[in-house]
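One chain, chain A, links the two complexes that follow: it is found with chain B in the first and with chain C in the second.
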Partner chain A sequence: MAGQTSTAPAGVAARRPPEPDRRRGAARAQLLPYWLVLPTLLYVVAFFAWPMVQAFGLAFLGEDGGPTLEHVRTMVGDVQFTSALTFTLLLLVVILPVQFAVALTMALLVNNTRLRARGLFLYIYALPLAVSELAAGIVWFAIFTQQGYLNSVLERVGLIDVPFIWLDYRAPEQLLLAVVLAEVWRATSFVMIILVAGLQGIPRDYLEAAEVFGAGLLTRVRRVILPMLKPSIQVALIFRTILAFQVFATVIALTGRGATVLTAEAYRWQTDVRDPNVAAAYAGLILLLSIVSTAVILRLTRTPPEQRMV
Partner chain B sequence: MSGESSARMRTILLHAGAVAMALWILVPIYFITAAAFSTQEAVFGYPKPLVPQISTGTLEFFLGASGVLPSFRRSVVVAFVTLGLAVAIGTPAGYALARFRFRGSDTFRLLIVSTRAFPIVILSIPLAVTFIRFGIDDSSFGLALMHTALALPFTVLVTSSVFAGISEELEEAAMTLGCNRLTAFRKVVLPLALPGLAAAAIFTWIISWNEVFAASILTLRNRTLPAQVLAALTQSPLPFQFAGGFVLLAPALVVIFVIRKYLFSLWGRVSR
Partner chain C sequence: MSRNRSVNRWVALAFGLVLLAVGCAGDGEGGTGAETPSPGPEAAETPAETPDETPAAQDSGPVTFFSTQLAPVEESEKVRNTILAGFPGEVDFVGADNYGAWVDRITAEAEAGEGTIDLLGGLHGDFVSLGTERLTDVSDLMSELSDRGFSEDYVELANLGTDTPYYIPWMQATYIVVANKQALEHLPDGADVEALTYEQYAEWAANIFDATGQAKVGFPAGEDGLLPRFFQGYLLPAFTGGVVTTFGESDAAWEWMRGIWEHTHPQSVGFGFMQDPLLSEEVWVAWDHVARLKNALEQRPDDFVAVPAPAGPEGRAFMPVVAGLAIPATAPSPQGAQDLIAYMAELETQATTLREVGFFPVVEGDLPEDLSAGIQLEADAVRMQTEAEDALPSLLPIGLGDAGGDFNKIFADTFTRIILNGEEIGPVLERQAEALQALMEETGASCWQPDPPSDGPCQVG
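== the complex of A and B ==
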C-alpha cells in the first residue's frame, strides 16, 4: 500500500508537460466550483435530505422498528382529517384561478406604456410580496371580525343595522371566502412579478401585429399573450400550488379553530396531541400532494415540440 | 373624432383599473395601520372611525404584553443569524452556478430549485426530535439553522442571478491585469454585485422574520414574535391582535420599499 501511494505521483510527474505549476493551477481551478457548492450541498443534505428520511421513518415505522401503516391509519381515521383535506383542496381550487386572473390584470396594467406612474403602481402591487401569512391573516381579521372595518363601513353607509358575523364557524363557505380573499391579497404579487417579467419578454412587434390585424384585447390575451406567457405561468402555477398545500397561519388567524387545514392538523398532532408520528404522516401527505401536483402541472402545461419557440 | 374619444376613454379606463387594483392592496394596509394607531377604546368601539384619532396606546399595550418584547428581540436576532448563515453558505454556490460549467452543475441547480417552496412541515417535525438530542431545542440558534435551510435555496438562486448579470469579461480583464481570481472577485465583481447581494440578504432576513410554522414547533418558552402572536392570538383582546398584525407587517413593507429596484432580479428570473 505504501508502495502504491509513492508510485502514483511519480507516474503523474513523468507524464507531466513542461509547466507543472500552471497545470496544477488549472486542476485546482477545475475543483474550485465543487469547493464553492460544497457548503450548500452539505447543508441541504443535513437539513433537507436527512430530516426527510427521518420524517418517513416517523410516519411509517412502528415502535418495534418494523414498517407499519398504523400512523397513516390514525391520520385518516381522525375526525378532522376529511375536513382538513377538503378545506385545503377547496382553497387551492378557488384561490388559483382568482389569483391568476388578478395577477394577469395587474401585469397587463403595469405593462401598458400608456399608463402613467407605472413604477408606482408596480411597487404598490408588489407590496404584499414580503407580507407573512400570519400578518395577512390578521389584516383580514381586522376587516372581517364582528366589530371590524367591513361592518363599520357597511354600517356607516347605512347598509346594515346590526354587525354581520362574517367569520361564522357555522358557515364554512364564509370562512373559505375570508381565507381566499386574504390569500389572494397576499400571494398574488408573486404571480404578478413573474407574469410581468414574462410579458417583458414578448416582442412588441407580435402585439402590434395582432393589433394591426384587428385583434381586440381579449383575442390578444388569448391568442398571443397567454401562449407566450406559458413558461412563466407554469413556474408560477407550480410554486403557488405547492405553497397552497402549506397554508397555515392565515387560516388560524381568520378562523380560529373554525376551519382546519393539513398543516394545522400536523401542528395539532405535534404540539397538542404530542404524537410526532401522525404529524409526520401529515407532512408526508403534504409532500406527496406537492410532488403529484407538480407532475400533473408539468404534464398539463407541456408544450408540444412543434409549438415551441426559441 | 370617435376614434380619438374612444382612445381617451380607454386611457381613462386603464387608469381607473390601475387605481382600483392599487386600492385593493392599499385599503387593507390602511385599515390595520389605522387600527394600530387608534386608542384602545376606539379599537373596541363600533362602528370604527375610518380616520382614527392618532394614539400610540394600542401599540404600547401590545409591546407591554407579557413576552412580546423578548420575542421581538429574539425574532430580530434569529433573522440576522439566518441572514449571516444563508449568505455565507449560499453566495459561493451562487457564484459557482453563475460562472462555471462543471459536471453536475445542472443537477445541483435542479436540486436547489426543488428545495425552494419545499414543505417546511416535513423538515420541522423530525428536526424537533433531532434538536432535543443536540440540546438546541427551544433555542434561537436551532431555529436560525432551520430558517437558513428555508432561505438557502432562495439565496443561492438569487445570488447566482446577480453574479450572472455582471460581465465575465470584466473579471477576465482584471485577471489578465495581474489579479488572481480572489482579488478579481474582491476588487471587481463584489463592488458591482453588492447592491444585488444586499437586496438578496434583506429578503433572507424577512423570510426568517415572517416564518411561523417551524418557529411554533421548535420553540416553546423562547418564542419568536410570529410564534408568540400566533400562540396568544385567540385568547387576546382586539388591541393585541391589531397591533400585533401591524408590527409583523411593517418590516415587510419597508423591505419591499428598500429592494423595489431588485424585484425582478429577485423573482423575475426564477423561471430561468
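== the complex of A and C ==
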C-alpha cells in the first residue's frame, strides 16, 4: 500500500508539470489513505471504543461522578465471584491444550495428500462451526441429563442399573468435563480451520527435504511443521483464549446455576439485579483478562528476528 | 489527466460517503420501523363494519403489545392465535425475554420521547419497578371497567402507591405442588397429600429416596427458575409468619431446606420450568408457578396430582401473583390499547386465557365448565390453597422500586451460601440480614403482608 501511494504522484509529475497543481495533487494523494481508513475508524470508535469507555465509566464512577472502587468491591465480595473466576480460568486451562492437540491432528489429516476424501473430512469437521453456542449446549444437555442419551445407552448395554447423574453440582469436575466436551466439540473446528490454512502455506519442499533426510512423521511435526505453523498457532491461540473468556450459553444450558462463569455473572447483574455498574465491572475484568492473556501469548510465541520467514 | 484522476478519486470517496450516510439513515429508520406499517388510507374505510367499537385502534394500525408474561414461544403463539383472535383490531404481541429486556426497551422509548409500544403486560412487581412516570393514568378506564368485579386488593395494588390506578388487573396465578402418582405410595403415614406440612414434605422426599435410591423431589433453582419466590412467599412466612421482619429468625426454615436438599434432585440447580423434569420423570414432586406446571398436567392429567403447598408452624403460606395491563406514556395509539384492555378484561377472554395458558381470571364470574382435565386439576389445587383454614397469603414485595432484583438476590445468595456452599446458617443470616436492612433503608419500603405494617422502612428482625 505504501508503495502505491508513493509511486502515484511520481507518475503524475512526469505527465503534467504545472507546479502548484502538482503539489496539491501530491498532498491529496498522500491524504487519500487516511480518508479511506476514516469510515472504519469512525465505526470502531462509535461502536467499540466509545461503549468501552462508557463501560469503564459505569464500572469506576460513583453516583456523584467521582471515581470509586465500590462496584469492583461489590463484584469481588459477591458470593459467586470466586467460583465464576475459577471456573472460567479452569475451562481455559483445560480446553486450550485439548483443543489444540485435537485440532492439529485433524488439520494434519485433512492436509494429508494421501488421504482420498480429505475434502469431505474438512466439511464434516467444519460442521459444528455452524451450530450456535446455545444449540450446542442444549444438544449436550440432552446427552448428559439424567434421562438423556448417555444414560440410556449405558443402561441398555447393562453398565448401570440406575441412571447416573452427570450434571451434579456437587461434583464440579463432572460439570467441567461436560462443558469441556461441549466446547471442544463445538469450537475445535475453528482452530482446525486456522491451522489448515497455515499448513497449506508450508512449502512442500521443506517437508520433502526432511523426509529425504529420514525424518519420521513425529520429527517432521516437531521440527518443521510446528515451527512454521507458529504464526497460525499464535492467531488461533489468541482467538480461542478471548472466546474462552466469553463462553456463556454452553455453561448456562449445561449447568444452570451449578457452575458459573464471568460472562454469566455480568449478565445476571445486568438483567436480574439491574445493576449495570457491577455488570460493567465484570465486563471490564473480562476485557482486562483478554488483554493480559493476549500479551502473554504474543510474548510466549514471539519469533526471534533471525528465525522469521521473509 | 492528473485532475481527472484526482476528480475520480473524489467521486469515489464521495460515493463511499454517500453509501455510508445512506446506511446510517437506513439504520435510523429501522429503529422506528414498528410504526411504519400503518395500513394507511384503506384502514380508514374498514371501521365501517364495527363503527362504535374500535375505530381508533384501526385508524392507527396494529396495537403493539409488549409483555413479560406469556413470553415463552408456545404461550405467545396461543396469545396471538387464540386469545387475541376475538379482538376486532390488529395486535402485534411481543414477548420480552426477561424483565430486563422489557424495562430497557420501555426506558429507551421514554428517553427517546417517541414510542412504538401501545400496551404493556407485566406482573404487579414489574410495574412497581418501572415507576409511574413511564405510565399513563388509567382511572377513566378503571371506572369504565368497574362492573367487571376486580378484587379491591388488586385495584388498590394497581395504584402503585399513588391515588390513581396505573394498570388494569389482567390475570392472576400462584405457585402449587404437583406430584407424580407413583410418589403417593411413599407418603409418610397419616399424611394427607392435600394438606401436607413441611415436615411431611421432607419426610416424603426421604421416603422416595430410600425406596428408589433416587432423589426425586425438585425445585426450580436454575437460571430461569423462580426459587427466590419459594423463600419469600412460602417457606419463610410458613415458618416465621413474616418475610422481612422475621428474616433473622428463619434458622429453622433454612435448616428444613438443608434437610430436604439431601433428597432433592441434584439437577435442580439447572431446572427452570418444573413441568419438564416432571414429564421426563426425573422428578416426581415439584413446587412451581402454575403456568410452569401446566404442560405436565395438560399432557398427562391421569399421572399427576396437583395439591396446595405445604404448611409450616405459622400457616400455609402462599403467594398470589397478579399481572396487569398498562399504557406507556409514549404509546402511539393509546385508544387502541384501551380497547384491547377492555377486551382482555371480558369474562370470555379471561376464560380463554385460563384454558390456554393457565392464568386465572381477575374478573368476577364462574370459571368455565369446559376446562381441560389438567387445568381443572390446577384450578382445584389453587382453590384448596386459597381457601385452606390455615391459608397465609404472602404478597409480592411492594415499594422496592427497581430494587426487586436486589431483593431476589438476597434470598438467592442466602440459598447459595447455606445450601450449595454449606456455610453455617447463623453467620450467613446475620450477613444477609444486613444487606436486606440496607436495601429497605435505601428504598424506604414499608412492610407488606404478612409482615405487620410499619411506619417508615421495614425493619429486618
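In the analysis below, the second predicted complex is superposed on the first by the 270 of 310 C-alpha atoms of A that agree within 3 Å, B and C clash if a C-alpha of one lies under 4 Å from a C-alpha of the other, contacts with A are read in each partner's own complex, and residues count from 1 in each chain.
The definition used in the following text is that a contact is a pair of C-beta atoms (placed from the backbone, for glycine too) under 8 Å apart; a residue touches a chain by one contact, two chains touch by 3 or more.
What you see is a predicted model, and the numbers here were worked out from it, not measured in a lab.
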First, second, both or neither for A:I95, with chain B first and chain C second: neither
Touched partner set for A:V79, first chain B, second chain C, both or neither: second
Partner chain in contact with A:R274 - chain B first, chain C second, else both or neither: second
Touching partner for A:G258 - first (chain B), second (chain C), both, neither: second
Contacts of A:Q147 with chain B and chain C, given as first, second, both or neither: both
Chain B versus chain C as contact partner of A:P51, first or second or both or neither: first
Chain B or chain C, by number of chain A residues touched: B
Contacts of A:L176 with chain B and chain C, given as first, second, both or neither: neither
First (chain B), second (chain C), both or neither touched by A:R116: first
First (chain B), second (chain C), both or neither touched by A:L237: neither
Residues of chain A at both interfaces, chain B in one complex, chain C in the other: 29, 32, 35-36, 39, 141, 145, 147, 163, 252, 256-257, 270-271
Footprint of chain C on chain A - complex, ascending: 12, 15-16, 21-22, 25, 28-29, 32, 35-36, 39, 78-80, 141, 145-147, 162-163, 165, 167-170, 252, 254-258, 270-275
Contact set on chain C toward chain A in their complex: 1-3, 5-6, 9, 13, 16-17, 20, 98-101, 103, 129, 213-214, 221-223, 225, 265-267, 269-272, 280-282, 402-406, 408-409, 413, 416-417, 420-421
Complex contacts: residues of chain B adjacent to chain A: 10-11, 14-15, 17-18, 21-22, 24-26, 28-29, 31-32, 35, 44-48, 50, 88-90, 92-93, 95-97, 99-100, 102, 105, 108, 111-112, 115-123, 125-130, 145-146, 148-149, 152, 156, 181, 203, 206, 209-213, 216-217, 226, 229-230, 233-234, 238, 241-242, 244-245, 248-249, 251-253, 255-257, 260, 263-264, 267-271
In the complex with chain B, residue positions of chain A that touch it: 29-30, 32-37, 39-41, 43-44, 47-48, 51-52, 54-55, 57-58, 102, 105-106, 109-110, 112, 114-116, 121-135, 137-143, 145, 147-149, 151-153, 155-156, 163, 185, 190, 193-194, 196-198, 200, 231-232, 234-235, 238-239, 242-243, 245-246, 248-249, 252-253, 256-257, 263, 266-267, 270-271, 276, 279-280, 282-284, 286-287, 290
